[in-house]
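Below you'll find a set of structures to go through.
Next come two complexes, and both contain chain A; in the first it sits with chain B, in the second with chain C.
The block that comes next holds the complex of A and B.
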């Protein structure tokens, strides 16, 4: 078992443990329908977590992903539904803005935390302009896709697996993925080897933008309407998801499969707490406690890793 | 350094001094931006000295709260990459609710109430630091997770009650002395103290050294762990104190009173010219940035723009200021 396997073991174990606890509390959840219900909202969270992972991978952090996903959800629920050409052009434009943001952050040596903070105002302003009051409706095909019922395994399980595997092969196996991780690990070395760090950073941000768009679309497919604040929680959830999944803030050390599992764990934690009949006062606090608990266990793992 | 020397040889003395000041003091840009926003806000209104006066009064009042939490955040950010306190809003809310509940609008309990708010801040800071040091959780995640816990405790202890602050305290928080808001005077006191700590005390040198190179600082005999302890606890204490002030100012604590201060505290640190990479900070910039942020919103308000356009412009202006301010030696 190498280091990467050890790194993924903890997220898998914590998800398994949480799932077992949920099944113990509510045995009826152990069904096609139950699983779909438990993990339904994990799909957009997982996509947003992958977006955050792309940014963390190049040693930056994105504090605007929540407002960006909200913006994309608003566009999907309005323009994409009523006027697809304009709608998709807007979403493409949003991805281009993300790529440009990455380029500017690198070219001017700006702190990503502040630029994305500023952009979070921008996106939430755009979202309010597009959809001043909650509403809109999902494009029919999107709704059908998110609510599809394939045999044996529900969409809510298939989608995260597909997302995780695609990104795993892209990040860990493709040459572009290696270069992107290299930017996070040692951007000077990448620069000296003749690659354009500027281009690579723009690519990483662009891919993050793409996943933000997908997250917003998936969210609308599930909820069938949008509002300007629909996904504000995603900023913090996505950071927590990447870290829970074994990723780190620096050095390009991330795990796409871990990130998806981290997102599923966080979503499941919310259901678990409601099954516990915990007073709603303590719901948020218990999520914080679960986060701390998993990271505490990880400390034991990393110590062992250091010894090995 | 060489650039400055060249300038010295060719330009007249006054210009040299000015250029030198601008290139050394990053906070000049923030003050220029704040001044420009003030003028723009004035041009939108009907003008007149009274209006300018009341705008400035409001700006200093609201900037005061941002300044106090901003100073705490500044010390944390100074510690280097990855150091940021996301639990400031939750700490403010918790301290505000607990202190107001304890005082129960009784004027004789103001001092114990203040001590309780500071004590809550102290507790939150110790908890944060415990997570960071003992469990080696990255500060961003540690303070994020603990903020969830603090928020829950605040919800539990508050139960949706809105308790009014004691009358004397409310009068103090909303009043002014010699035309200056009392809260701004308090913030000024905190700033002077922070400036002395940062620029004139050994603690400040230690904080900067830890932020510039933790390993070198440790080898050089700086008690790095103690420095981190002091900074995180100090930041939480300032947040608790601000929660107390803000709750007294706005006639009671509520559960989302701290929300905007998460983004605000980070934004003022960076717009004020402190390096987000750590090891280089200044106090005057915090004031300029806090005034700038308030004036920006009131300027956009006075032009009668809708909420959406206002947010878009706020975002674009923040990004532009950061891009412009980074002109000199952004990459090190």
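The block that comes next holds the complex of A and C.
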């Protein structure tokens, strides 16, 4: 077992443990229908988590992903639905803005935390401009896709697996993935080797933007309409998801499969707590406690790793 | 089979009417309450009313369970997940105060498809399969002007205190006020955002007061009346007629002023006990009654006549409240038909 395997083991174990607990509390969840309900809202969270992972991978952090996903959801529920050409152009433009943001952060040596925090207000304002009051509707194909009932395995399970595997091969196996991780690990080395760190950072941010767009679209497919504040929580959820899934804040150490599992674990943790009939006053705290517990266990793991 | 059930329901319904409570066809039904926020006095009173009335209903066997759940954060995505969990838990009906009128539609649809009755109130949902007990916020604005017109047939200057900018409720109440003002001799000379909070309202009113002519009355949205009064008092301006919003501090101030100098006004808002109305509506739907999908919440109005009585009943820091009974719900349903 190598380091990567160890890194992924913990998220898998915590998800399995939580899932077992949920099944024990609510046997009804142990069905096609139940699994779909438990995990379908994890799909947009997983996509947002991948977006966040791309940014964390290059040693930055994105505090605007929540409002960005909200903005994309608003565009999807309005323009994409009524005027697809403008709608998709806007989404493409948004991805370009993301890539440009990455380039500017690198070129001017700005702290990403400040730039993305500022951008979060920009996205939030744009979302309110597009959709001043909650409404809009999902494009029919999107709704059909998110609500599809393929045989045997529900969409809510297939989608995360597909997302995780694709990103795994991209990040871990493709040469671009290696370079991107290299930017996070040692950007000077990448620079000296003749690669453009600027271009690579813009690429990482662009891919993050793409996944933000996908997350917003998936969310609208599930909720059938949007709201300018629909995904504000995703900022923190996505960071927690990456870290829970074995990623780290620095050094280009991330795990796409772990991140997806982390997102699913976080979603499941909330369900678990509500199945416990835990009073809402305690739920935030309990959610935090689960997070701390998992991270504490991970610390033990990594200590071992370092000693070995 | 369905007909038989309906017949049973009708018989059970008449039994309820006859005996006042219990023995309903809904005795084995479980109702869940999905609440998105519990962080202010109104919501706290709402949850307390729910506990009180449904606790009684469970004890007397009207329903098997009526559990309340509040999301840990006021977010639509969390509430959607919460509703999906309720579907899994096998509840027969879900009463919901929604974080967004549209963003939880997917989950609501999911619940309807699973054969669950969904009743939304206060924060309603637009999904057609759900029942809606909506507040007519425009009417709330119009009622204020109606009262003021009676008090001041010759009109006068109005100061408008609005709620939180960009929120649907704020737009609606304000639209109602402006709509009604058009046909009167009143003139709105100033408008500030009080965010439905006394301290914010006080600051906002204090800021705009120096630039305003004499104010006859202040139209409000609730939660801001006391702050406005303090701002006027601090600026040594004559006290206008401030429409109140049923908060305890507002009613108390009004009562004190009345004792001192015969101050009179009116106060209206939605009683937090509207959650119990939603409970009974859900129970009626489960009972097989035909209930129109759109119902309107009655206002709870406090006037000079019942001021002392309501004030005595309202705990400090809370808001005037009534709990609704099964008969109230039945009357509401009847009046909507």
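What we mean here is this: the second predicted complex is superposed on the first by the 308 of 308 C-alpha atoms of A that agree within 3 Å, B and C clash if a C-alpha of one lies under 4 Å from a C-alpha of the other, contacts with A are read in each partner's own complex, and residues count from 1 in each chain.
By definition in this document, a residue touches a chain if its C-beta (ideal position, glycine included) is under 8 Å from a C-beta of that chain, and two chains touch if they have at least 3 such contacts.
All figures in this text were calculated on a predicted structure; none of them were measured in a lab.
K.L.:
Could you look at A:128 and tell me whether it touches chain B, chain C, both or neither (first, second, both, neither)?
P.N.:
A:128: touches chain B and chain C.
K.L.:
So, does A:111 touch the first partner chain B, the second partner chain C, both, or neither?
P.N.:
Only chain B is touched by A:111; chain C is not.
K.L.:
Does chain B (first) or chain C (second) touch A:284, or do both, or does neither?
P.N.:
The answer is both, since A:284 touches chain B and chain C.
K.L.:
Applying the touch criterion given at the start, work out whether A:271 contacts chain B, chain C, both or neither, answering first, second, both or neither.
P.N.:
second
K.L.:
Mind working out whether A:38 is in touch with chain B, chain C, both or neither, as first, second, both or neither?
P.N.:
The second partner, chain C, only.
K.L.:
What residues on chain A does chain C touch that chain B touches too?
P.N.:
Looking at chain A, the two contact sets intersect at 128, 132, 283-284, 287.
K.L.:
Enumerate the contact residues on chain A facing chain B in the complex.
P.N.:
61, 63, 104, 108-111, 113-115, 117-129, 132, 236, 239-240, 243, 248-250, 279, 281-289, 291-292, 295-296, 299
K.L.:
Which of the residues in chain A come into contact with chain C in the complex?
P.N.:
Spelled out, the residues of chain A in touch with chain C are 26, 28-29, 34, 37-38, 40-41, 44, 128, 132-136, 219, 222-227, 229-234, 267, 270-271, 274-275, 277, 280, 283-284, 287.
K.L.:
Using the touch rule from the top, collect the residues of chain C that touch chain A in their complex.
P.N.:
By the definition above, chain C touches chain A via 35, 38, 67, 69-73, 75-78, 80-82, 84-85, 87-90, 100-107, 109-110, 126-127, 166, 168, 171.
K.L.:
If we count contacts the way the header does, which residues on chain B are in touch with chain A in the complex?
P.N.:
81-82, 84, 86, 131, 135-138, 140-142, 144-149, 151-153, 155-156, 263, 266-267, 270-271, 276-277, 306-316, 318-319, 322-323, 326, 330-332
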